[in-house]
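After the structure tokens below, expect a handful of questions from me.
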Amino acid sequence: MRRLRPPEASGDRTLVAVIGGSAPTPEEAVAAEAVGRALAEAGAVLICGGRGGVMEAACRGAKTAGGITIGILPGTDRREANPYVDIPIVTGIGVARNAIIARTAQAAVAVGGSYGTLSEIAFALAFGVPVVGLGTWAVQRQGHPPAPIAYAATPEEAVAQALALARHGG
Amino acid sequence: MRRLRPPEASGDRTLVAVIGGSAPTPEEAVAAEAVGRALAEAGAVLICGGRGGVMEAACRGAKTAGGITIGILPGTDRREANPYVDIPIVTGIGVARNAIIARTAQAAVAVGGSYGTLSEIAFALAFGVPVVGLGTWAVQRQGHPPAPIAYAATPEEAVAQALALARHGG
Amino acid sequence: MRRLRPPEASGDRTLVAVIGGSAPTPEEAVAAEAVGRALAEAGAVLICGGRGGVMEAACRGAKTAGGITIGILPGTDRREANPYVDIPIVTGIGVARNAIIARTAQAAVAVGGSYGTLSEIAFALAFGVPVVGLGTWAVQRQGHPPAPIAYAATPEEAVAQALALARHGG
Amino acid sequence: MRRLRPPEASGDRTLVAVIGGSAPTPEEAVAAEAVGRALAEAGAVLICGGRGGVMEAACRGAKTAGGITIGILPGTDRREANPYVDIPIVTGIGVARNAIIARTAQAAVAVGGSYGTLSEIAFALAFGVPVVGLGTWAVQRQGHPPAPIAYAATPEEAVAQALALARHGG
């Protein structure tokens, strides 16, 4: 547990996942940082995969606004967490931890993304956790309407939508 | 371990996943059974989630052709396996077991499908395991080409493609 | 995320697991609550399985002293957390989550305990995470010395030992 | 899937785990091989962690008697299986896979063993799966009787006990 400077806030907090790959474009990294900052400013707690790229940018953004960050790490060493993770959860279960991120969050914001991100989106949809996308995957079954991913134009809009949609009470 | 009547075959076997939801349409169930039968006829071993719907239809098809079937169950009780599973692996880890199905297979055939199926497709793509689709998900990142899922017109074609694409040796 | 009233503390925090069963004796429940309180007073963050019994008593103790509590839940619903869990991590992987508790902690205090507790002790020993016991399991291989579990006489002594032994930096 | 030469047997098969460390003594390796052989001769299917040491010796013994072997691998590559594994299940979830081995088996034989073995014994006890030990862990809660592990004097006796105790039907 590093750098834990929790804000003085109290009461219920919404837990929002930021999901995205470890090799974002510069624009995606900027967007992820803005998402993290906006979540912290809104009093939400950020949960993510705890590693680099989109995850690190989002955590950095959250910490600049005094937020709390949780990293659900795939590996066996807490030192694989990026430097902006307050609470590293060391799962040791590899990418199967993506299901934990999706289940624990009350809403998810996807920024860009790799196949790992796609698996998190799929799990969130399976669990009924709302997903807001910023330049991320579109998924559609042949002969069916597209899956219910909300798409936002800006990081601030994505956070506002995610918080409005967040599933409360489990 | 029930009804294990392994064929007299010997030597290396290709392990192919059949993925799909527990509530298929009648057409999807027919297709899944044909996929299972074609896999067994080709000497492949079938791996799936071990439950009902597409999984049960595929296992039933494989057993009619004397194949071997492995069910990677999500729950804690081997009795949740469908009656055509030879080897029930009782994971107790819920849908996180989808990552195990995708990792263990050397190729995957997706029939129809739910969000759980989508998570398995995502994991297979992440792990470099070839995916062949029959009326299943199409996935695409905004501004990128579609993900490399091969689409087949018939169950037999799907199996032929999956076996041709199967990743050998890990 | 409920009742999160983080203390104003800052800087590095040690993460200590409290492990024990869901059906403790009254004495074990009293001990667990004292362990939780002592951990919080020392500025450590408490991690546990998030449910009832020893876990709930320890979280309650930690909250009376203004501590932070993390619950690594086995099931799929955040509402299975006891009311003193600040950060419920909803794993959905059942008792396999015991490995996550043991890996994430920098030290563990075992109070009484069931076979689940024994699995957590085994994982902690496997990962090199120090274990301090209060009326818990003794384990020994035939023909070998007992496994290196430190036994304490009081909750306060257990916490002091755990913090002194805590493995830092991964 | 390698070297799959399933016997011509049919009907229900008992699934028995052989658990033990990757660095056995020569005597433990000999015992593990004898356990594997005796299981195969009795028509049981062997399940294990799929790697070296006790696991490899047991699989080798089973294959010399024409048995079927399943390896529940911790890592992400099927090539980490020992050469006597017929069906490698590639979990990618690390030692959390120990819970899967314990759940899937209908009885377990522990040979020697490390802390990983101890975690498998703990899970088996938690799940009500009978455990027979050959020179393995003894576990006991302070002030309680020892945990119900059956100890055998020879590999053949261990297998006979395991098959007699095997929990059928989940």
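Residue numbering begins at 1 within each chain, and the chains themselves are lettered A, B, C and D in the order written.
Going forward, a contact is a pair of C-beta atoms (placed from the backbone, for glycine too) under 8 Å apart; a residue touches a chain by one contact, two chains touch by 3 or more.
Bear in mind that the values here come from a model prediction, so they are computed numbers and not experimental data.
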item: Label of the chain whose CA centroid is most distant from the centroid of chain A; value: D
item: Cα-superposition angle relating the copies chain D and chain A, to nearest 5°; value: 180
item: Chain pair repeating C-D, as identified from A-D, A-B or B-C when over half of the contact pairs by residue number coincide; value: A-B
item: Same or different contact residues where chain C meets its copy chain B, judged by the half mark; value: same
item: Separation of mean Cα positions, chain C and chain B [Å, integer]; value: 40
item: Averaged-CA centre spacing for the pair chain C and chain A, given as whole angstrom; value: 27
item: Residues of chain C engaged with two or more neighbouring chains; value: 76, 92-96, 99-100
item: Touching residues (chain side chain D, partner chain C) in the complex; value: 93-96, 98-100, 112-116, 118-119, 121-123, 125-126, 133, 135-143, 147
item: Chain B partner contacts - residues on chain D that touch it in the complex; value: 1-15, 45, 68, 70, 72, 76-79, 87-93, 96, 99-100, 103-104, 127, 169-170
item: Partner chain C, residues of chain B touching it in the complex; value: 76, 92-96
